[in-house]
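One structure is given below, encoded as structure tokens.
Naming follows writing order (A, B, C and D), and every chain is counted from residue 1.
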Amino acid sequence: MRKKTIIGVVGASNASPRGLEYAYRVGRLITENGAVLACGGLGGVMESASRGCAEAGGDVLGILPGDSAASANPYVSLPIVTDMGHARNVIIAQTSNAIIAVEGEYGTLSEIAIGLKLGKVVVQLNSFPQISTAHQAQTPEQAVEIVFAALQKGKLANG
Amino acid sequence: MRKKTIIGVVGASNASPRGLEYAYRVGRLITENGAVLACGGLGGVMESASRGCAEAGGDVLGILPGDSAASANPYVSLPIVTDMGHARNVIIAQTSNAIIAVEGEYGTLSEIAIGLKLGKVVVQLNSFPQISTAHQAQTPEQAVEIVFAALQKGKLANG
Amino acid sequence: MRKKTIIGVVGASNASPRGLEYAYRVGRLITENGAVLACGGLGGVMESASRGCAEAGGDVLGILPGDSAASANPYVSLPIVTDMGHARNVIIAQTSNAIIAVEGEYGTLSEIAIGLKLGKVVVQLNSFPQISTAHQAQTPEQAVEIVFAALQKGKLANG
Amino acid sequence: MRKKTIIGVVGASNASPRGLEYAYRVGRLITENGAVLACGGLGGVMESASRGCAEAGGDVLGILPGDSAASANPYVSLPIVTDMGHARNVIIAQTSNAIIAVEGEYGTLSEIAIGLKLGKVVVQLNSFPQISTAHQAQTPEQAVEIVFAALQKGKLANG
């Protein structure tokens, strides 16, 4: 099997400076752990995470809400043109082996909700702490560690 | 313009006896207020709300996740066959002029999130109180009153 | 079971005067036969068929590609807001018990193709005659007759 | 900009031996020309094209209709889990810079139709010759040559 591990990073176009920095570090670490990033392909958290992946030499799936690849941020290498608006959030959650949410607004909350519905590992960084069934991480490093530890455990359990 | 007012009722297939009773009463009141119900078309809260509408003589849009109208509960008059799984939640939120959530699980949370993202009036009945930007109602009657008061105000504001 | 029969009418925003007239008559006949119209909710063939239904007192499902009910033609009574662009064509084909295509462009061809893929009765009026597995009708009356005869036969076969 | 060129190969799970051979050669050539393959991710033409890409060392986007990456053929490296059935055909057409159809059934026809609707270069290999606005190729080599010549011309025109 050639399937690559895909980690979703979800968050909004508007983010704090710390959120952007966290997203960048998450993106770098995803690539350094050998996985591909999936995100919404636009700005803010999505762009920072994409840049982190890109600078580490990794591929970025930008699952876009609009009807043109031209809307992707410059770090997306593989734009998926859904033209489905908010419904593309569901595709991101389904496509990702695990999800890391960085801050975020209601669109992000919908992705967290679908991720949890699907039984995926969902880790939050200053996102929606009131959704307590998701993991809460304090740093990008911790978020990525939780994700890959869980995936590793899942593989062992299946194997 | 012939557009009918469409009120979305969202909730899970699993619900408490009180949740089912509340959904039924919400459904009846939607019809009695001259609106059409939109829901996910399956069981539990969706079916109880549909039954309430049906018994009051109203139309029920069942926006179904699967590939066949046969999956609709028996009170759906207009099955919309999306075959889009959880992405149909987004269509429900977009199609509804306002949304009432009755209890619910993560799928419901995704609908509340998209509803709020779209700036819709979202009223909760024992749903996700930690999402405090949605209205909290104590009874079906209050939930429906909040919805129609807000829609009436919106119409006056637009007119 | 309260499910209403839903007939899809597919065609483009651009149509000949005869196409518009045919769509109008198809719309009227759908209502007079007790069914509900599903269409893409926009102009041209969609609007003429909607007007035919509306003037006969019937309901019109407008399964819209955009993100707002405001884009529906004035004869739509039940706007379904998919925000899914061309993917809403698939929802129209799946939701319709049978499909009548009036003229049309490539979007219409995609709906004919999905309808045939799903094993639906598809009737064409000056549409894509090179797709010969669809029924070819010469008049709106004949198109509607083929549809309801097939549905009646299906019901008898199932009963 | 890091965007990779994505070529869609569309066709059915059922194909002739020649169709499978053609799909394989198309897949190889897509990779050898530096592009990524997008396909429906299942068997038949989709799997043969995926195998061609994989054996040449390229990435394969499998835009899946179902709700699990496990349904992807073994040559898919990047499964996109849409859970949207036939609507995923639209995402394939939108995501691809150009489309090559190998034989195919009605699902393939819907992808050709959407591709043409979007103004994409669509090349057919023994597919639906009655849709004469698509290019007709006699061999995989010719199909791929038409695609990359058109993309090159498009780039020059834009530059």
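Here, a contact is a pair of C-beta atoms (placed from the backbone, for glycine too) under 8 Å apart; a residue touches a chain by one contact, two chains touch by 3 or more.
The structure displayed is predicted, hence computed values, not measured ones.
Taking the mean Cα position of each chain as its centre, C sits at the greatest distance from chain A. Taking B-D and A-B together, the pair of chains sharing more C-beta contacts is A-B. Averaging Cα coordinates per chain places chain A and chain B 30 Å apart. Averaged C-alpha coordinates give centres for chain B and chain D that are 40 Å from one another. Shown for chain D are the residues that touch two or more other chains, namely 67, 83-87, 90-91, 94. For chain C in complex with chain A, the touching residues are 67, 83-87.
Remark: chain C residues 84-87, 89-91, 93-94, 105-107, 109-110, 113-114, 116-118, 130-131 touch chain D in the complex. Residues of chain C touching chain B in their complex: 1-4, 6, 36, 54, 59-61, 63, 67, 69, 72, 74-84, 90-91, 94-95.
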